[in-house]
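What follows is a set of structures to go through.
Two complexes, one shared chain (chain A), two partners (chain B, chain C).
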Partner chain A sequence: MNDVSVDQAPMTSELSTDQSGGPVTGPRLFNEVLLEVNNVSLSFGGVKALSDISFDIKKGEVRAIIGPNGAGKSSMLNCINGFYHPQEGTITYKGKERRQMRPHEAAKTGIARTFQNIALFRGMSTLDNIMTGRLLKMKSNLFWQALYWGPNLKEENEHREKVEHIIDFLEIQDIRKTPVGRLPYGLQKRVELGRALAMEPELLLLDEPMAGMNVEEKEDMCRFVLDVNDQFGTTIALIEHDMGVVMDISDRVVVLDYGRKLADGTPDEVRSNQDVIDAYLGVSH
Partner chain B sequence: MLYREAGQFKTSYGADQAIFPILQDKLGMIVILALAVVVVPLMASTYMLNSILIPFLVFSMAAIGLNLLTGYCGQLSLGTGGFMACGAFFAYKLTTAFPELHIVLVFLLSGLGTAMVGILFGIPSLRIKGFYLAVATLAAQFFLVWMFNKFDWWTNYSASGVISAPPREVLPGAFITGTEAEPVTKYYFLLGFVAVLALIAKNLVRSRIGRAWMAIRDMDIAAEIIGIRPLWTKLSAFAISSFYIGIAGALWAFVYTGSVEALAFEINRSFQVLFMIIIGGLGSILGSFLGAAFIVLLPILLNAGMLAIDPTISSALVSHIEFMIFGALIVFFLIVEPHGLARLWALAKEKLRLWPFPY
Partner chain C sequence: MSETQDTKHLDTFPKLLQHHAKVRPTKPAMREKNFGIWQTWSWAYCAEEVAALACGLAAKGLKRGERIAIIGDNRPRLYWTMCAAQAIGAIPVPLYQDSVADEMAFVLDHAETRFAMAEDQEQVDKLLEIMDRCPRLERIIYDDDRGMRHYKQPFLDSYDSLTAEGRAFRSENPGFYEAEVAKGKGSDVAIFCYTSGTTGEPKGVVLSCDNVLITARNAAELEGLSEEEDLLAYLPMAWVGDHIFSYAQAYVVGFGVSCPESGATVMHDLRELGPTYFFAPPRIFENILTNVMVRMEDASAPKRRMFKYFLDVAKRCGVDILDGKPVSFSDRLLYNLGEVLVYGPLKNVLGLTRVQLAYTAGEAIGPDIFDFYRSLGVNLKQLYGSTEASVFITIQPNGEIFANTVGKPAPDVEVRIADNGEVQFRSPGVFREYYKNDEATRNTKTEDGWVMTGDAGFFDDRAHLRIIDRAKDVGKLADGTLFAPKFIENKLKFFPNIREAVVFGDGRDYAAAFINIDQQALGSWAERNNVAYASYQELASHPRVGEIIKEHVVQVNRDLSQDSHLAGSQLKRFLILHKELDPDDGELTRTRKVRRRIIAERYEPLIDALYSDRDRASIHVEITYEDGRKGVIAGEVSIYDSEIYQPVKAAAE
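Right, the complex of A and B next:
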């Protein structure tokens, strides 16, 4: 995995458009807080999924959420995303506290996401899947859609062009018209990323984007994640189990275990944290 | 050899998104339309127009309507018969109350009225899915038919509960309803009307709203995180689907049969249309036509076939055997190709592209 960051470093500094984008391996500085989680607790019946979690995500960074299985990582994303509403605590996004927000409202404010187990629209082609991601940006009314003429035709073509940029970016030109159900797993993950990118999100939540991939596919995916962060300036929060990937590509890491926060900091700080080592390796009692 | 897109380059996204992006498909469609417009009326007998082509077109409209809801938006509905009844009775009340209103306008308005009813009965879809929703729409089916049967106001207090379409003309002198209407005029009117509405349906499903429907059908959770509002999307599918089905009901009562009672729109009608879209192909406008053709033609062909084998066969026996073979064929088709005739057609076209060198 180290190769990835070494390869990546010169490329990212070249392509970097924002001030903060230095080499990924060095510490990058971020000031503006994009999303803040304050003392969030979530329980299902008697099971506490999250208890008293606080952390923040700064604008422009790659933030990893790690932890053993069942630590509450996906529940955390679901809270940010509006699927779950935490019983206690607040989530502040772009300086505004949100309460009881539905997922489609979260989408409107610029939060996109991919899922742990692929959630593509299986009956539709790659192109249509990614076009669906543009839905919020399309405005033409039912009348023009019925005629497929005038403003609707113009809009379809404009958004098709945007989608083609994403298809080029993800290097999936050859599967444009293929129904996604027929694609292999790694490509489906890539299409799902494309659909999230089509929303032009400010905050991109990736739930295990590299799960079940071989080394090559993981390297490709890492490259896409870093490029998205660099070229589009998208803030990324990702859950990942591959420690090599996490330590390489993320700016800061938050560690959860049994719904509690164990550690929070740069990859190096987290790596040397005794609680984290205990949680991952087990500790003798 | 003949069917190949090699050499047909597209230089704009518009050309790539066309309904028939391949030249051969375009030509094929033109030929079919030319046959339908020129040859069929010349060749077809009155019987063929009245009992095959006209019901085929009316059923196609209903099948398109149900396909928008069930095939594209994934909301299973058994209320088709009820919604068709709505269209028929709304059109009857409208045209008897305002005789000077143009008949096409009457059909469209009754479709709009049915859309309202569809939205009302679509509200449960926000909470329930699949079989449970089917049961909820079944309530619509029974309630609507009961209402039109029970209250004489809908039939203008006719003693028999039957409504008869008053004579109306679509162009001066060209009657499409009533006893004087010529089958050929009816056929031309239906052909045009159904073709235009089918084109609109096709445009909708390849636009924003269609993609939203399919997203809800394929993965409603993922659809929501993209920003699709489940409430609006499902209700719009119910509304537009009911609009089509309502118009189909009005056409059934006015143009096809001429007189109808509420019981003509019983649950059997719902199943009939549902079979059409399952056999034709869920999520395909072409499939709606193929399914309608299959369901309309098959009983007639079976009947004719049996009479050809044994002219003395009793009509009761014929109808029983017809049911058995009909059911067996449906099962057979679903086993061979669960995605319907439209998929078979698509597969055939894929094979044809490679023919005669399939490697």
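Right, the complex of A and C next:
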């Protein structure tokens, strides 16, 4: 593991640039650490899901977590947003160490996520689903919200405007009023991303945002992820299986296998790491 | 109506804009749905915005007579750019927003554009890609700045920075803008419209302000358009129709134009807006109707029965009521009940409640579809037009609407039929030239201003123009009878059971047809009627399918016999092809147009059989699978005889 040397060097990577056309980009530099995972271990009974994992996520970067099935990727995300509580180790977020945090507390501190299997309200419209993402930002209580009058009307309008910007951003205007259950899978994923964005998170956790998508949907999703990162400055940690996608859009990659950390570094470094190659091609453990 | 008279002396778009800003400053000029809400801009606001934009373009160096490309969906800012360019004497060249970079490169290079206005990152990327092939292109302005943060090219400007620069320029050079607008005159070039170019390279049609404005004004007067109209601008800006309906007529009459939120929300926005003036190609009317019918299939049985009953009522008397013809009291009562129960709600869902005038053009519309909308009380009319005419050549006058004609010549338009049957016209809207293509100009436009359309047609007994085919496809039977294959093919294809048809007859004794069945339509018929079949080929050769198709052919013959010009080209024999015509085999173009010559070669034995007295023929054809492998389909095909009707005229004599 040579992550120490990697961490010391300033991170450089480029946004997608195709020949002469395309944006003029410089190297991307990240210094400030947003979240730090130190020696985290998690086990369910006798099963060790994570053992002694350490890595960090820097403010503004796109960080990928990859690994074969059962490597502990989702468990890692669940630890970060407080759904699981690791038995050992610490997670430091924005300089504050925390051990026992509940998901809604994590959400309040600016961590949002999407799920591997879509977790939307199927009977509700796209608009309403994304509105639920604003819930934590709303000041008035249920009673006042139901009244829909005076200051609450104004508040709702403000939230609606934020949501409309997200709808515009994700180009889903045409399904604004469509019940989510009627939408194809790729669009549902996009709505879920929209709901996470509605929280205006600082750290966005995406659990397999491109699973089960066709090439075109994947390209769209990649663009949205990069745009979110670029325009809102949101830090993104994502789990993804499509290596092409991971290598294209992430600044740094951490590789897990059987609950252990195999490698950590830029896509190029990870790609040429022998341990990673072995893990993906299958070597007996 | 008076409005068009008031503005008659105003011969350019910017002058009209100034006029409206004075006369109706607070009335809406443009709307766009954005962030889920309709945003509105008044005429006064538009005039200021256009002035700032024009000054910005001038400050960046756009000069009188130069071209500026405009690329994007229908957006208010792009329409303003068009007017701003015209204000300083530059010529807007709108491009199809979905054209690929190569097609764009041709037009940009041909029109020698120095400036380009792009809607968003996607269009900017395309422009950057072809920049080295268009050496004259110097400056790109973009509207939507999403994703543009990292573009640092010095020749890129955002719309906002351009208008800011324009405002500064305007305060430093007071009177500049007004003077520039005053310099404009009606004979100035208003726009280059590049025709899509199905044959060869696209051609740049040069239209002057007079061409566009006089034609737009004439049609607006004929139809009595008022400043209260609402129109949804959703067809490509590069298409001359959008230029006339959404831009020229709006400026002439002073009505508001609305832009949809995105291409995918058009139907929804249409419903919300409820336009009073509407244009759509036949394809869109067809799609809407199909959607309605499919959704009705899912409705509950009582609703379905009610829908069907009142649709029959509408079919019986709806068109007559719309045309103001006498209708029995009971029918009128039923129709009014239907309006409350079915037609009204249906029109509301489709966004057609307030439509006073709807046009369709571009290709033949199925008479059933046409009558469906008219029977609901939607004043749908056909028109015939072309880019070279600034759209209007003929329009169906109110009260004289027939599904099979395109109406009478529009005001100030002369139409004549050449000896070879080709339709020619002369009008104030006749284009000046094809840009940098004298040969094409000479081939299309005569010295004295007549334009050849390339369409064959004739005036019927009611003095209505009927377009039957492209002139080059029209032939003659051996006895000299007029023969228009596409006209007959279209008639056949209006039956849902017939997917494709190819009609032969040029230089032959009689007309005969190949028919491709529609597997979906006939497949569901087979399911309902317990007809077993294993493959397309088996279904196509089923005798009961043959009977169904024969009924359709006989129906077409009956229609043809009503028509004194075409009665001679009734279909005497036909066959049902054992395989679908396929673009992969080169039998159709990618846009599903029949390639007559190739089909004639491939199926020569079948054509021979059609013109013999045999009732069966066998055929081997090579086919190409999607992965490129080849195979052979062999089959035995039955040939059917159809009944021929005496021409109505001849029978009456």
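We take it that the second predicted complex is superposed on the first by the 251 of 285 C-alpha atoms of A that agree within 3 Å, B and C clash if a C-alpha of one lies under 4 Å from a C-alpha of the other, contacts with A are read in each partner's own complex, and residues count from 1 in each chain.
By definition in this document, a contact is a pair of C-beta atoms (placed from the backbone, for glycine too) under 8 Å apart; a residue touches a chain by one contact, two chains touch by 3 or more.
Here the structure is a predicted model, which is why all the values come from computation and not from measurement.
J.: Quick check for you: in the superposed arrangement, does A:Val215 touch first (chain B), second (chain C), both or neither?
T.: neither
J.: Using the superposition on chain A described above, determine whether A:Pro103 touches chain B (first), chain C (second), both, or neither.
T.: A:Pro103: touches chain B, not chain C.
J.: In the superposed arrangement, which partner chain does A:Glu161 touch: chain B (first), chain C (second), both, or neither?
T.: The answer is both, since A:Glu161 touches chain B and chain C.
J.: Of the two partners chain B and chain C, which one touches more residues belonging to chain A?
T.: B
J.: After lining up the shared chain so the two structures overlap, which partner does A:Ala146 touch, if you call chain B first and chain C second: first, second, both or neither?
T.: First partner only, chain B.
J.: Please indicate which partner A:Asp230 is in contact with in the superposed arrangement: first for chain B, second for chain C, both, or neither.
T.: In the superposed model, A:Asp230 contacts chain C only, not chain B.
J.: So, does A:Leu29 touch the first partner chain B, the second partner chain C, both, or neither?
T.: Neither partner.
J.: Which chain A residues are contacted by chain C in one complex and by chain B in the other?
T.: 160-161, 164
J.: Tell me, which parts of chain C touch chain A in their complex?
T.: The touching residues are 34-37, 125-129, 131-132, 146-153, 261-262, 264-265, 268.
J.: Write out the stretch or stretches of chain A touching chain B in their complex.
T.: My answer: residues 81, 83, 102-104, 106-108, 112-113, 115, 119-124, 128, 131-133, 135-136, 138, 140, 142, 145-148, 152-153, 156-157, 160-161, 164, 195, 199.
J.: State the interface residues of chain B toward chain A in the complex, per the touch definition above.
T.: Going through chain B, the ones touching chain A are 12-14, 16-17, 200, 203-204, 206-209, 211-212, 214-215, 217-219, 221-230, 283.
J.: Would you mind writing out the residues of chain A in touch with chain C in their complex?
T.: Chain A reaches chain C through residues 15, 18-25, 127, 160-161, 164-165, 167-169, 171, 173-174, 176, 227, 230-231.
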